[in-house]
Amino acid sequence: MNHALISEIFGQLDALPIVDIHTHVQFNQPNACNIGDILSYHYYTELYNSAEFQDGALPLGDPEALTRVLFKGLRLIKNTVQYDWLMAIGRDFLGLEASDWQPECWRKVFDRSCEVMGRAEWVGELLEQANIVRVYLTNSYDDDLSGLNRSLYTPCLRVEPFLNGIEQAAERERMSAYLGQPIEVPCDVIAALDIALDSFSEYSLGYVAASLAPNVRTWQVAAEDAERLMRRLIEGGSWSDDDRAAWQAYTMGRIAEACRARNLPFHLMVGVDRAAYAQAVPSGSDLPDSISSLRGYDWLFNSFPEVRFPLAVLTDTTGLELASAGWIRHNVYPSGHWWYANQPSEIARELRRRLDVVPGGKLIGYFSDAYYLEFILPKFRMYKFELATVLAERVERSLLHPNSNPFTLDDALELGNMLLVDNPLSIVGTAESALNIA
Amino acid sequence: MNHALISEIFGQLDALPIVDIHTHVQFNQPNACNIGDILSYHYYTELYNSAEFQDGALPLGDPEALTRVLFKGLRLIKNTVQYDWLMAIGRDFLGLEASDWQPECWRKVFDRSCEVMGRAEWVGELLEQANIVRVYLTNSYDDDLSGLNRSLYTPCLRVEPFLNGIEQAAERERMSAYLGQPIEVPCDVIAALDIALDSFSEYSLGYVAASLAPNVRTWQVAAEDAERLMRRLIEGGSWSDDDRAAWQAYTMGRIAEACRARNLPFHLMVGVDRAAYAQAVPSGSDLPDSISSLRGYDWLFNSFPEVRFPLAVLTDTTGLELASAGWIRHNVYPSGHWWYANQPSEIARELRRRLDVVPGGKLIGYFSDAYYLEFILPKFRMYKFELATVLAERVERSLLHPNSNPFTLDDALELGNMLLVDNPLSIVGTAESALNIA
Amino acid sequence: MNHALISEIFGQLDALPIVDIHTHVQFNQPNACNIGDILSYHYYTELYNSAEFQDGALPLGDPEALTRVLFKGLRLIKNTVQYDWLMAIGRDFLGLEASDWQPECWRKVFDRSCEVMGRAEWVGELLEQANIVRVYLTNSYDDDLSGLNRSLYTPCLRVEPFLNGIEQAAERERMSAYLGQPIEVPCDVIAALDIALDSFSEYSLGYVAASLAPNVRTWQVAAEDAERLMRRLIEGGSWSDDDRAAWQAYTMGRIAEACRARNLPFHLMVGVDRAAYAQAVPSGSDLPDSISSLRGYDWLFNSFPEVRFPLAVLTDTTGLELASAGWIRHNVYPSGHWWYANQPSEIARELRRRLDVVPGGKLIGYFSDAYYLEFILPKFRMYKFELATVLAERVERSLLHPNSNPFTLDDALELGNMLLVDNPLSIVGTAESALNIA
């Protein structure tokens, strides 16, 4: 490790504004109110549950009690990168020392966090300190976006309700209420989608997005087949796995059509097995599946050459497929490092791989997936540190490598800027999204 | 590489006592008697057979002749890590120089090995020199454990005979003989299991264990289905693949029930395709399968939340699944680096991955899988060197990383001690197993 | 990185003669005539098409126009390793500076390339400068090899037409023309194969080769089944997926029989999904599939223990399977780093893995897959740099490692020479192929 070079590069990357193209931030309550909110993030509750089984006993609704309990367990996870995020939040936002994270300090930290995060100026200070200029959101079709600050937030529409939620009567009812008429035929579902897209477009919709199971297949499904499937549901029947796959393929196509018509990207997050762990904390039950190929998306990517598909994958096993797709497919954009792959060793490997073979302008470096604004800075810094390390390695290798031109510090920073700022804006950016970049 | 730091950390890790939670050591003949025994380990015979095809011609029953033959082939495998184990055994136990491994020196080495390993004090000296304090064994249900030294050895029951051996008439006969009555219904099989567990418990049984094919599925199988399956066998019929899978799932559940009732861990070693190579030396015919997911174990892990499941995997492709399972599942414990994954580059990758996201107390660092006590030290040192390298990297990165607290040498050693000593004892340890740790 | 040590090792590896066991070079037009030929390589056209979608608009038949267009796009791919190959070709063969690759310089570079590459002495100079002593080719059964320079080129027979081309009437007609009688029964196909093998043997055939889809299965297919399948085709019927698999398995066996009879290696390149990308440039439509196991080859490898199977894989997910097969199977030889895996980070990982566990004499280090002789040097240098880095790491680790003997610079060079020269010659070499090595 060339410490000086890594530090130099990291310092410059750290000074870049943050464009965060995927979060779960709530625009009307974007920040944590206290350290209990921070600790309620499933990355902490699930690690604690894993290290010391709670069997549902965590006081999730009571931030104070949760803080007290989790402080007792922090020593059990202090080797993890998630713990490092917490240390960074404590140090950078709350002025805490490492020694403040002892079990007996929970009250002091809780009170301190209320004091800092409870101030009216907090969000503004946080955004400035972290230099966050654009935050993409995760929204349901029936979210009320009024009051959304378009100079900071970009809404994004999740389409799982259309892709597979529709099988549940409750989702159909919710969608009927939204549509203002019963959901009875596939066109009704697409009508609901269209209304949502119209409505979101007033707030400069960023993209539509879906998280998907491993090995999803896409193909041209005839309208009559979709009608038959929906009729069966409406009549109280149920779907087989093949039925589910067909409906999903049908709606994938219809959603991609809508993206084409509206010039919207379709962001895919691929490879998660839902509800795998029965004793999980909320949001902590899903797992990656190493058997996960992108091959089933060929039809989708080929049939919609005009649509941009930013693509994130959950497992290392799909990493080379993703890099190769970004390499030859003009409309696939490798995007960030998702969830179980959002950790230093996975990031470093995929970064090297992508930088070696994918045109630099096609790479969306990172998104935080954060639930509160406070997580954006430590997560981006985790990424930027790996990026600095990989870029420093490029600089050093270029001095020795028989094929390379010299890769200078300036080259490194230019590439870093592409991944972190330019590409997110050019691939999923809206008119608004470029505004805050000086 | 920070040489000084790696050496410092390695030195301290090397001084730790060895707790080896999985071996194939025979408690009544735990050591090699000569270098021919060492070279009969399939890691050597298979490499030699691969480098210079023997087509079954190796003199496996004759240690002297085997030594003579393999000495001619050692130059062919000297790039391998297995060769390094051999060099370490030669140097550390037999006082040999690198130059002693020439073909013409075979007799000298053989004689020297007989001299050293033939002494009555040899095992005691070896244990002391290597600081081995606890050795877990691999036992069949009908093993005679009398004479087992409980201050050193912990027996572990292999359950493959119950899971799939039963399909063979010979295994049923052997089990009938053990049970003292014919194996005719599933309860008879479970009765044999219970007797074994009772009998082993007198010797402080460590855990039950099984090595398994890739993509095993587990689910609740009704007793009647198991009865039907067994009846077919007894009546001379045969099983389909589905039948085999159903019986295996049934017995997995029953074994897990027994583990729950007796507070025993169930150690799973996942992903091996047996008998893949036809021209193999003994124990050298099995291969890993890159298509190998843990998803089929969801039912087992979810249905037995009280049972600890240490889990080892054979392939890199399952590595992120294992780390993720250890991360969120309270009862899955990533365990060591097994067989084809038991080599420096696989170990280093998985170590970084696990240390980044799994609570430190849930990681069983290493087991040797050794057939003779002599292999334990070089194998553990291979692991400890990778661990020292990864920990040194952590120390260095923490000096630069924006999120990290300083990770000191003491922190490194504490974490190393957890992986190597504390966790094995807390996860699979018995009352006896803690005794020898000062 | 130990710069001095890497440089020292690289320098010595760079001085070795190049034995390139797999290329697509045309022996009667082995070199590029201009930079447009170089840029027509699908590695450039596909990257440009990916970075800036051309939708079929690239002037592929016009080297000048293609040069002009691609020069505008080079800035988009300058982070890639393929760009580095181009820089090396420019610098080492054309005397260009990095600054010559600006869009406005296209004419100068084109003219310069015509001047250099158009000279009658060019191929000879290139071979001498790059120290290329042996180039294996990729040939169709009906290629006319007259005029082939056996002191440099070794022809290799591609067998895909026999394995799966036969399903197309056009291929059957072409093969009938070659055979001089209609292809009506499986024996006719094998007769065509035999004639090709006879004919190629006059030019010292190197091996037979095939690139294959993921998860190919092999098994003993009866002659009657093959006859039934062919009859169906001849009668105008079509094949199911199972039929295709059965025919492929049948011909795999027959080809392996021919290899056994003629002492020919059978080079397998495994794991490519063809025609995955619809808007592709020529040769740019195929992708890797992460779900790709070698298990289906067990029958083939086991049934032909006398046949050598050099084996290249397309994906990282098959890497450990390949290393493990090389480790225990006497007749599987891990071969190079193919296509999507032919990039620094994949090479480095697989090199470490293979060197740790596969007998050194069984590893074919590298092949270029080049379409023009000009690509051989930069591609080999890419590999040699990774090899130098891995060997330097071995030297350094051996100074610290408790198990290792000192791994000296001489040891490193000996191992490098094995991978690059000795092994290719011993595993797939012909009498001719050894001639040029001093």
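Odds and ends about this structure:
Letters A, B and C mark the chains in the order given here, with residues in each chain numbered from 1 onward.
Heads up, the rule we're going with is that a residue touches a chain if its C-beta (ideal position, glycine included) is under 8 Å from a C-beta of that chain, and two chains touch if they have at least 3 such contacts.
Nothing here was measured: the structure is a model prediction, and the numbers come from that model.
To fit its Cα atoms onto subunit C, subunit B must turn through 120 degrees, a value rounded to the nearest 5.
Counting every residue number used by either copy at the subunit A-subunit C contact, under half are found in both chains. Centre-to-centre separation between subunit A and subunit C, using Cα means, comes to 38 Å.
Counting partner chains per residue, subunit C has residues 291, 317 touching two or more of them. Contact residues on subunit A toward subunit C in their complex (touch as defined above): 291-295, 298, 301-303, 305, 317-321, 323-331, 349, 352-353, 355-362, 393, 396-397, 399-405, 415. Interface of subunit B with subunit C (complex): residues 1, 3, 6-7, 10, 14, 46-47, 49-53, 55, 76-82, 84-85, 87-88, 98, 273, 276-280, 284-285, 287-291, 315-317, 340-341, 343-346, 378, 381-382, 384-385.
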